[in-house]
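In the two complexes below, chain A is the common chain; its partner is chain B in one and chain C in the other.
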Partner chain A sequence: MTGSRRLPLLLLPAGLFVLAIYAWPTLLLLRNAFNEVGPTGAMVEAWSLKTATDTFADGFTLELTLNSLQLSLSATAIALALSYPLSLFLFRTDSRFRGLLAVIAILPMLISGVVRVFGWLAILGDRGLVNTMLQSLGLISAPIKLVFNWTGVTIGLAESIMPYMVLALLAGFGQLDRTLEEASRSLGASPVRTFWRVTLPLSLPAIVLAAGLGFVLSMSAYITPKLLGGGRVFVLATEIFEQATTNTNWPVAAVLAIYTLGLLLFLLVLSNLLARSLRR
Partner chain B sequence: MPTRRLILQTGLATIAMPAVLRAQSLSGQITLMSYTGIFQDNYTKAVIEPFLAANPGVKVNYAPGGTSAQMVGSVRAQKADPQIDVAIMDVTTSSIGNIEGLFEKLTPAEFPVLDELAPEARAAGGEFGPAVTFDHLVLVYDTQNLKPPLTKLADLWRPDLKGQIALSAPPNIQGLALTAMVEKMEGGDHRKSIDAAMKRLKELAPSVNTFEPNPDGYSLILNGVVKVATGWNARSQLYGDQSNGRIGTLLPPEGSVFQINTINLTAGSKNRVAAAAFVKHALSQPAQKAFTERMFYAPTNAKAQVDPKAVARTAAAPESRASMIPVDWNDILKVRDQWNNRWRREVISAAR
Partner chain C sequence: MSYLELAGLQKRYGGSVAVDDVSLSVAKGESVALLGPSGCGKTTTLRMLAGLIAPDRGTIRVDGAEITRLPAHKRNMGYVFQSYALFPHLSVARNVAFGLEERGIAKTEIARQVEEGLALVRLDGLGGRRPRELSGGQQQRVALARALVIHPSVLLLDESLSNLDAKLRDTMRHEIRSIQRSLGITTLFVTHDQVEALTMCDRIAVMNRGRIAQIGTAEDIYERPTTRFVAEFVGRANALPATRNSDGKVLLWGAAQPVAAPAQGEFDLFVRPQRMRIVPASEPAGGETVRVTGRVLRSVFVGDHVEVLVEGAGGQLAVEMPSGTPAPAEGAEVAVIWQARDSLPFAREAA
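On to the complex of A and B.
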């Protein structure tokens, strides 16, 4: 056996690991999707498509999908608008603190999601930092509702996906050739024009990659919508949890989980195809 | 030659032998699954520790199970190889476990203590695990910062409470119970329709700060996030004591709804003898008395001699019983999804 033939063996440990902790539970999930729940709430073992057809016939599933897409789109757009200039700065800076600054940018990844959400509650709550500041400046007379609604969830989600997007952007900026920007400047283009005509188009594959990652992470986020939504924000992830752990309706939870998985895979493939076509 | 004393000693030993053997056979460990937090702390002190003292050979592992639905989910997932021996959970979910064959039927022949229970406690579990605690839905409020204090359910619609209310919406059973209570307040009957409740709750929606209090309504009041929340009586009473009276508990004069926890013996328990002994102990008069006096859950053992002061703070108090709306949780389970959808579309959407 040649060395290159043996190469796939390196995938064996990870492959077995994934098989054990991912593939098997996914198959069990798939099995559950064919079961039914009777009027008493008890689960009935079956091989039926009734749960799936009932779930998709319910208009609420479409509403959940649209809510998830809308929320992910808003959070990704905000996170991109904030992380793009930040990543460009980190990529370009010659500062000796560059490493430290990069670590600070991705530091939120090291903090538990629950802790971060409770931090947001302290900042955005009726008696939180933002409202107290605005009230003390006399800009508002009563607190603005910034949590337990869509606004709070969007802000929290955007913050939670930012570090991942910064990393994806930094990885994707490899194609950003500084000499091309210098050529643009030397030919008389203004810095703004250089950015729009050279820098931005060259960084588009990185943007698509980062946005794709941020979007997928937002679609599957559970903690932020659950804790910052105040029971008003219904998305696919919260509904799966609700069905599984409050309604004890595992078949519906399984159908929704498989549906979400399919949706995420589709979006990932789409974003990869787009990123690849932009690189050409 | 055997003396009279020796004969007497031998006779006594023979009589006592079955009891000694029974006590000796109680060994090993069992796992009890139930609620975490203050329930676990108080149940351990009032019920588990006396059981351990009486049965030194047994170890009781307390497995915090999250919500009742999560508990029945855990038992369901372990059906082939049960790790939980006894589970205490809400009757709406234990009934699912009973139908699915997750729990054992209990007979008075093996569990004579069943005959000491209140009829409604036996009825709650049918042939399966009976009620082990009774509780009811209350309104919880901030006694320091809410002036005038809350006196009735209809006060929730007071204009000064705008943004100051935390409600647990369905599918949480607090939300289901509240629906029945508001329907009754409006002169209706939840068994026929909840239209009147939906209309009133829609009007209340803009006043609601959160429909999903995390970690719970009591904490949100203590942290100053809201002034009023829905809650369970036993926990509210305890939090009231722990907060030096800041948490106030109101049994709405318009009526309330019982919440029932049942105690369930898992089918296929690996240490059935000890598990059954624990169930008997948990339903016994001393355990019921101790837990009621410690945490204000009403006892289900009708013969438990509970301090009247403690009883007055439970669902067993005459005024509480008189205020209860008859709710059959098995019927509510059948309409839960329908109520849940109406809350989402008619109530919560009005609060966005």
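On to the complex of A and C.
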């Protein structure tokens, strides 16, 4: 085929676009990471590792990392527990509403993150839906704190990554052949045993892929931890923003950004390798 | 004494009937084929037997016990799927062991039975492989071994050979048949391939539109089809338009013939191409011989036989001659003769 040699040309538009709006700014960011901050707080052009070593020597960086990892882990776990059965249903159902149901499942993706967060505030706030309901039922006397803390951020993150995880799961379920489950049942395995012995092992690559995606999205989320955390939840993304805008400390922001980027890439590669080894 | 008993099985999907009032008795150790075109309900019947779908009406009994509503995993039926359905994440040995593990058998005993099962299908030593590392024929054998080691009450084979190439299919056909016979296992075999049905089974149930059109031995089905559908579906047949006059004479291609006809009027005479012989046009017919004359359109060499197409007053017909005999020249005037008892009259199908 003569066309196959020219096939890479198709990558050109997207390639140029990514180069202009992603690769170039990232390089600038990298350059900034080597700059220093003078005593007045102004940025000093330099080629030094001082900002980086200072940032990593600060115990707060480790705390931010652990916060980010912990929040992402719990959000991913919750989202997975909710989206796996949902995706399996969507994958399997013969309902003629299947297409519609799938769209509903991923609909939150189409709503602005800020709007979604305000929705959560209305539901989880002190005078929100949940607390009013529990109080009127007499189950609690004082409102439970569901927002402006870790609980709120975890709920918000879990909800925001769910649509992406549903899509990743649906895409990854490809090899989940129904006759395999029928074979399992014909061999004497009950539906529950069939799930553990056949369905779950075969959907493991999809689970790893979806979890990897959800985790990375949670790690890089800014709006949800910022707004639902109410300034009490500190993660890498919020700190980068803080340093870059409020403190105008660009070198530190750059160091943290590059560090987060590296962390995310590492996690993505890890989950992909894991998914691939499971698929084999 | 029937071992497997289907009575009045019915399954509907929306407005259409997939299986309509299927009743069938199978003796212990017997092998029965469900033969029919795609969509005739044969696979649906098999799946109802395995408990993979629930019948709307009717009962299934095995060895006297009704199992109609029993869930699939409690039925102890060995099902060999068309796609084999081997578990890709498990080794060949673990695939074969699957059913035994579900039965809570001791590890050492499982290992012994898996080895036995693999030996039975001549796959000794391949237990450590993954299914995808095996050829199609080998995968088929793993699926068979996996279904056999659980000592199923009935073995169900769903188009199990259709994914194999022609040569391998032939080998597997004989292999499965001999295993089935040596184990004396009651078997139901779904196929659309009549050679498979004819060679692998004691009896054949020909299905059409959700019903059993005829059930009998291979010879019954082939030599004495009771319906037009069976005559058309099993083997090849010339359908020759004929008429019966008011005086009882049957006219075929303009000549009176010594065959019996069911009723007055128009009907079709079914004759197998290999039962016909081509003779010189000058040769007269014998007493119980049907004879028509025509012109040879063409001869096609098909390897084990030569197919000769003859055109005459009433249309065309095909004759199969054994290869090795000289085929008549194209355009030659010939007579086609066959024994009167080799003609089967069937009424015209309502258009």
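Keep this in mind: the second predicted complex is superposed on the first by the 279 of 280 C-alpha atoms of A that agree within 3 Å, B and C clash if a C-alpha of one lies under 4 Å from a C-alpha of the other, contacts with A are read in each partner's own complex, and residues count from 1 in each chain.
Keep this in mind: a contact is a pair of C-beta atoms (placed from the backbone, for glycine too) under 8 Å apart; a residue touches a chain by one contact, two chains touch by 3 or more.
Note that the structure is a prediction, hence the values are computed from the model and not measured.
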Simultaneous placement of chain C and chain B on chain A, clash or fit: fit
Partner chain(s) touched by A:245 [first = chain B, second = chain C, both, neither]: first
Partner chain in contact with A:29 - chain B first, chain C second, else both or neither: neither
Partner chain in contact with A:223 - chain B first, chain C second, else both or neither: neither
Which of chain B and chain C A:86 touches, first, second, both or neither: neither
Touching partner for A:149 - first (chain B), second (chain C), both, neither: first
Contacts of A:184 with chain B and chain C, given as first, second, both or neither: second
Contact breadth on chain A, by residue count: chain C or chain B: B
Chain B versus chain C - smallest C-alpha distance in the overlay, whole Å: 46
Footprint of chain C on chain A - complex, ascending: 175, 177, 179-180, 182-191, 193-194, 197-198, 201-202
Contacting residues of chain C [partner chain A, same complex]: 50-52, 71-79, 81, 83, 85-89, 98-99, 102-103, 146-147, 150
Contact set on chain B toward chain A in their complex: 66-67, 69-70, 72-73, 76, 92-93, 95-96, 99-100, 163, 169, 171-172, 209-212, 214, 224-225, 330, 333-334, 336-337, 341, 344, 348, 351-352
Complex interface listing, chain A residues touching chain B: 38-43, 60, 125-127, 143, 145, 148-150, 226-227, 229-232, 234, 242, 244-248, 250
